[in-house]
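Next, two complexes with chain A in common: one pairs it with chain B, the other with chain C.
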Partner chain A sequence: MHALTLPESGHYDEMLLDSGGIRPHYRDFARWLHSQPPETLARKRAEADLMFHRVGITFAVYGDDSGAERLIPFDTVPRIIPASDWQTLEAGMRQRVTALNAFLHDIYHEQHIVKAGLIPAEQVFSNSQYQPAMQGLDLPHRIYAHITGVDVIRHSDGNFYVLEDNLRVPSGVSYMLENRKMMMRLFPELFASHAVAPVQHYPTLLLNTLRHASAVDNPTVVVLTPGHHNSAYFEHAFLAQQMGVELVEGQDMFVKNNRVYMRTTAGHKQVDVIYRRIDDAFLDPLAFRGDSMLGVPGLLSVYRAGGVILANAIGTGVADDKSIYPYVPDMIRFYLSEEPLLQNVPTWMCRRPAELDHVLNNLHELVVKEVHGAGGYGMLIGPAASAAEIEDFRQRIIADPNNYIAQPTLCLSSCPTFVESGIAPRHIDLRPFVLSGRDISMVAGGLTRVALKEGSLVVNSSQGGGTKDTWILEDQS
Partner chain B sequence: MKLTIDHETVYRYDDTVSHSTQYLRLTPGNSGHQHIISWQLDLPGVASESVDAFGNILHVLTLDTPHSEIRLKARGVVETNDSWAEQPETLPAPVFLRDSPLTEPSEAILALAASHADAIAANPEDGLTALMLAIADAMPYTQDITHAGTTAAQALALGAGVCQDHSHVFIAACRSLGLPARYVSGYLLSDRDTHVASHAWAEAYDGEQWLGFDISNRQRPDRHHLKLAVGLDYSDASPVRGVRRGGGSEALHTHAKVSEAGQQ
Partner chain C sequence: MMLSRTASQLYWMSRYMERAENLARLLDVTHSLSLLPQSRGGADISAALATTGALEACRARHPQLAAGDVMHFMTFDAANPACIVNCLKYARENAHAVRGKITGEMWESINATWLEARQMGLEGRPLAGFFDWVKERSHLFRGTTYGTIQRNDAFSFIRLGTFMERADNTARLINVKSHLVGNAAEDSAADFYLWGALLRSLGAFEAYHELYRDTLSSRRVAELLILRPDVPRSLRACVDEIAELLPRIKGDTGHRAKRQAATLHAEMSYGQIDSILDDGLHTYLTQFLSQIHDLGDAIHGAYLEAA
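For the complex of A and B:
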């Protein structure tokens, strides 16, 4: 028997109904859980921690001097999603990423959406994420975001909402893969009794996507990492190894005669596709930040001449910027003539005076985010903030309203999670990964992040979040 | 008028450089203002030519054998006139509203800009001319006070600078008022030898066209000016920008000579 804390009423719990009953897709798991002695499960959790340490899945926490690297806590209660929910999610994400790629092609070419008056010109062109270097450049297959991570949450109304799109260098997919491997190792019997959709072919799909991005026959693909100090270095090394391609740093490559070469023990080798895990600003010290030691001098000139493919393309950040996010449903209607299948979270833009007023008058119940912020840094969660924190944020917003957006505090759904007292509901989100190649491909699943602190809505690993394995149950019918 | 340009840039290094890559914007393009009669680069290796984001002609030069000197020569003959119409544009003007690292405004720049806001709104050309003169007054042309990495804010605080600094302050002020503005590098035919022939000025967009302002010379650019490259600031438009491995400290020597063809 486990000490099971029930969710507060009014919240959506992925496993438990308000009545205390179990949702149908969790019934087999709940029965199994009930049958397991607590000591066995505690031992399995300890085993998981030990193995993750051995594999070396750690991440660095920025702004924390105490420990450079930390283990992301892994929870052994899976987040289970029924097939019908996944179908909605998958269709919605395909639609969304198609529209976002169309938007990127458009604003870097004819700018129809600006001319149609749907998005103000200065919001696109003076956005620091808009890259002049991309203007007029034709990319193979018009694909800008080859890899997209879409963050979705389920609200208390039971519906999924897109919280944000990640079109720059989305990370986390290695946790999706390692979490599955761990669960299969710890609890093989669960996979015999549940038809869980596989995720382990993600690296194959990723490699296919990257190879398809190039017009070269049999292209040479590499993964470009900023190095082992980066918080996601484990993932860079992991994906390179899984795909069977070289992991390189900027200093391993150079540019000559409109081509990129890597230095290898066997001499120079031409590189055709760079899966880059470094930000635009650091790619080429001759074109962007001159102090970057991470990039390749001259890379931009080769890229513009079509001599190498970057995945993702330069300048994709203008489509996932929080100030552009509110326009995504309009993009879907504009480019695809379809209604959005997944909803956006209602968003107030502080750059608009009327909306700024509303935000300033309702800070105690809103979530306020920096337009360029990421990783849960620089945000205010009104209901959880002290009066002093709210006041501090108010001054920051007034000083620079263009830099902030606000959203209602959504109640992220919860999922039972192991905590000190037993099993209790903790809030979760979901990041599936969308690959844009010959066509759009996805593995059924994603990274489920969980806010381990009671009542917390911040799932970011840098803010004390953990992860869970995500099971998409295949339709048995 | 017909201008003859002779421009040499030499980098000398204390130690051997094992590998270097240069972005060169040393070739002017044709426009309504200037017609290239002849132009040639003399470089220590093969460079690949392309057009950069701002429409500038870009040469990328990679040297991958050990060297302790890089000598870059550009020379040519160009026919110029006083018109700045028919400039080829590759980017929407609002791109030039963004702050760039060298043009982030300080309080002093914002105040300077604000004091000209009404005049510029009433008549952009006259208002911007007044802004140009105010900057030239506030920062007398002085060499060796600032360097290539000096920001607009630092230069105005110093109260002195060269054409690069003047242009950066002007650009920062314009952008703070919502006017797209950009940096221009080029050559200037001048009978005064106080200014180097390798020159920089600024352009602001009045909603219909780009207007040039040569702040250092307190004048609007004319046929004495030859345009090489434009960008958000000096970093985008500088004639030479390079990265090297090894080499130790470097000594830079540049010499640019602009003369009226047939009148030397």
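For the complex of A and C:
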């Protein structure tokens, strides 16, 4: 019925085996898919587009002068993960985030890991994301990253690898929730025939995590947004609304007597926990960037005196920096005395002369990233780049080797996806969200991003990526 | 309790929507009057402009004040911040910033209005149809608001914006017409058209005949539009709503605003048209406008800025 393109052999496809067979956890779905007339599915896709537009789930693209809002394309073939895979992923992510929080506490206190010689001091302390203001500051429950997004991919060997940790202001969770809502609306029958783990309680878990972050009884929680021009504004408003808390901008708050207040129609109200969706540099013009109009003057001094909780804490960026990433497995061993359950992608650090040589000699088959880059900007994908692009990047690396790391070109697994010619494999990744409060909580799910261009490995929405609903199947046994 | 900024955006969202509607009403009537011969009170488009405070800006752009130019200036000219399309744009921008506080249906209504208005500006839609369309979209937005939003502070600030703007706009309209009519003791034939136009622009023509069953006289029109509580665009009706809304807002702030609204409400409840006319309609309306502006400042200070 559907024009189905098979994956290239040697790649890992989430649904299809090399032999053309269907993996067990996709069998019910595949049977259903083949029973659906293509016109029906096309109509459902159009319906989804219309609904997303009406709800206004859009994002702004940086550097697009028209300032237009665009829809992130939504694909209706779900990414299905069997229970056994999820157990590994979940345990691995809990372990990883626990170690990252321990690392942050350590480097802002005694710095055991540096003294033990596991991580070179200059890697930490001359990192631009390291915040001296956090030194010696004690946080409740020693939690720095209350909300973490861990990007994982499945390689052609069938194993999951962590691509990067996001400990600053990870976004995307609203798409996880809206994609599920959309799928349940479009295809209710699929949820009757599949035991899909629910995700809709995420805002409740998030609110609990934020409330537990404060020692105050019944704390007032707010979401701090840079405003409606920000690309993730929809998500900020969505989460505030789902949690039933105020969505504030910096101008709505002020500092008085070592407390933070917001201006309301009933007078000034004290704020205890700020789920901030703006970067460290913009939080407080008195302490960081003086030209920031987004922050609250004096916020840092209140924070240091314990008068308000910021989630995530200031200075978490030092732990998700690409130059620190290669050390995460060592952190797990050092702080938890455990072996990592999830593997890192092998990484060459250009700052080391021997590894730099290897990188420069193999640029055509490596992915090279800027240490501080994000969003798929400023990276080289060797196998897809022209000779001129590789040469250009080579000069940039030689000029500033400390600024680059390189990794083998991983073959992200693929998942069948609706494209113009029918259904074809497209590469995907996965970002589950880990909440750290008194304990760690997660919903069984995450955001699956899909590179819609044939063969492309770049899944970022700013670079033409789309999203899928992610189904964790509950164990029926 | 809500953020002052949010309250301010809700308030201005509905003020701009109401302003767009009143502009459409004003221009619609001016447009039909301009079709009448001069002796019947027609043509003076600059009077309409004067009510909006945009006369000087328009003269700077179109020194001849030709009717077609003025109409374009007041409807689609993006360079005029006070034109209808810009009012719809500001209403939509405020709604966008508080999308989480209004219902999806409200957002869709206000967003579709702006998108369509912008399109009409590009296509050059005939004006008469355009004015009716603006009124309809304003009715639709108000109806959607009444029919979908929770009765909380957000609703109060939205309504407050509507009636503050309407009180201001109605007073300006009467003020200009009364100025045109002048102080002659006897109503002339030309005045008949002017008062009729004023009633029509405020949707009160039918109410007049229902209530008075008599010919148009300046005294009765003034009474109807200033003091009658049962005519929804009269000054009294607006002040009734404002005085009722302010005490309903939760919290212990806004004493000055509440006191001013209550005072104004008492003055109007026990006001008499003869004493207003003795002092002069223009004097009364000028004073009313300044009271409304003071009240607006008090509302801003207490709720919308809360510095």
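Points to keep in mind about this one:
Here is the rule we go by: the second predicted complex is superposed on the first by the 475 of 477 C-alpha atoms of A that agree within 3 Å, B and C clash if a C-alpha of one lies under 4 Å from a C-alpha of the other, contacts with A are read in each partner's own complex, and residues count from 1 in each chain.
Everything that follows uses one rule, which is that a residue touches a chain if its C-beta (ideal position, glycine included) is under 8 Å from a C-beta of that chain, and two chains touch if they have at least 3 such contacts.
In this text, all values refer to a predicted model and were calculated from it rather than measured experimentally.
Taken together in the superposed arrangement on chain A, chain B and chain C fit without clashing. Of the two partner chains placed by superposition, only chain B is touched by A:121; chain C is not. Rounded to the nearest 10, the angle at the Cα centre of chain A between the centres of chain B and chain C is 80 degrees. For chain A, the partner touching the most residues, choosing from chain B and chain C, is B. In the superposition on chain A, A:191 contacts neither chain B nor chain C.
Contacts of A:133 after superposition on the shared chain: chain B is touched, whereas chain C is not. When the two structures are aligned on the shared chain, A:282 is found in touch with neither chain B nor chain C. Between chain B and chain C, the minimal CA-CA distance in the chain A superposition rounds to 7 Å. Chain A residues in contact with chain B (one complex) as well as with chain C (other complex) do not exist. Contact residues on chain A toward chain B in their complex (touch as defined above): 111, 121-122, 124-128, 130-136, 254-258, 285-287, 289-290, 297-298, 301-302, 304-305. Chain contact summary for the complex, chain A toward chain C: residues 54-56, 227-228, 237-238, 240-241, 246-249, 251-252, 262-269.
Chain B contributes residues 19, 21-23, 46, 48, 50, 52-54, 58, 60, 62, 64, 90-92, 94-95, 97-98, 101, 232, 235, 241-243 to its touches with chain A in the complex.
Per the touch definition, chain C reaches chain A in the complex via residues 1-7, 96-97, 99-100, 104, 107-108, 153, 157, 249-253, 303-307.
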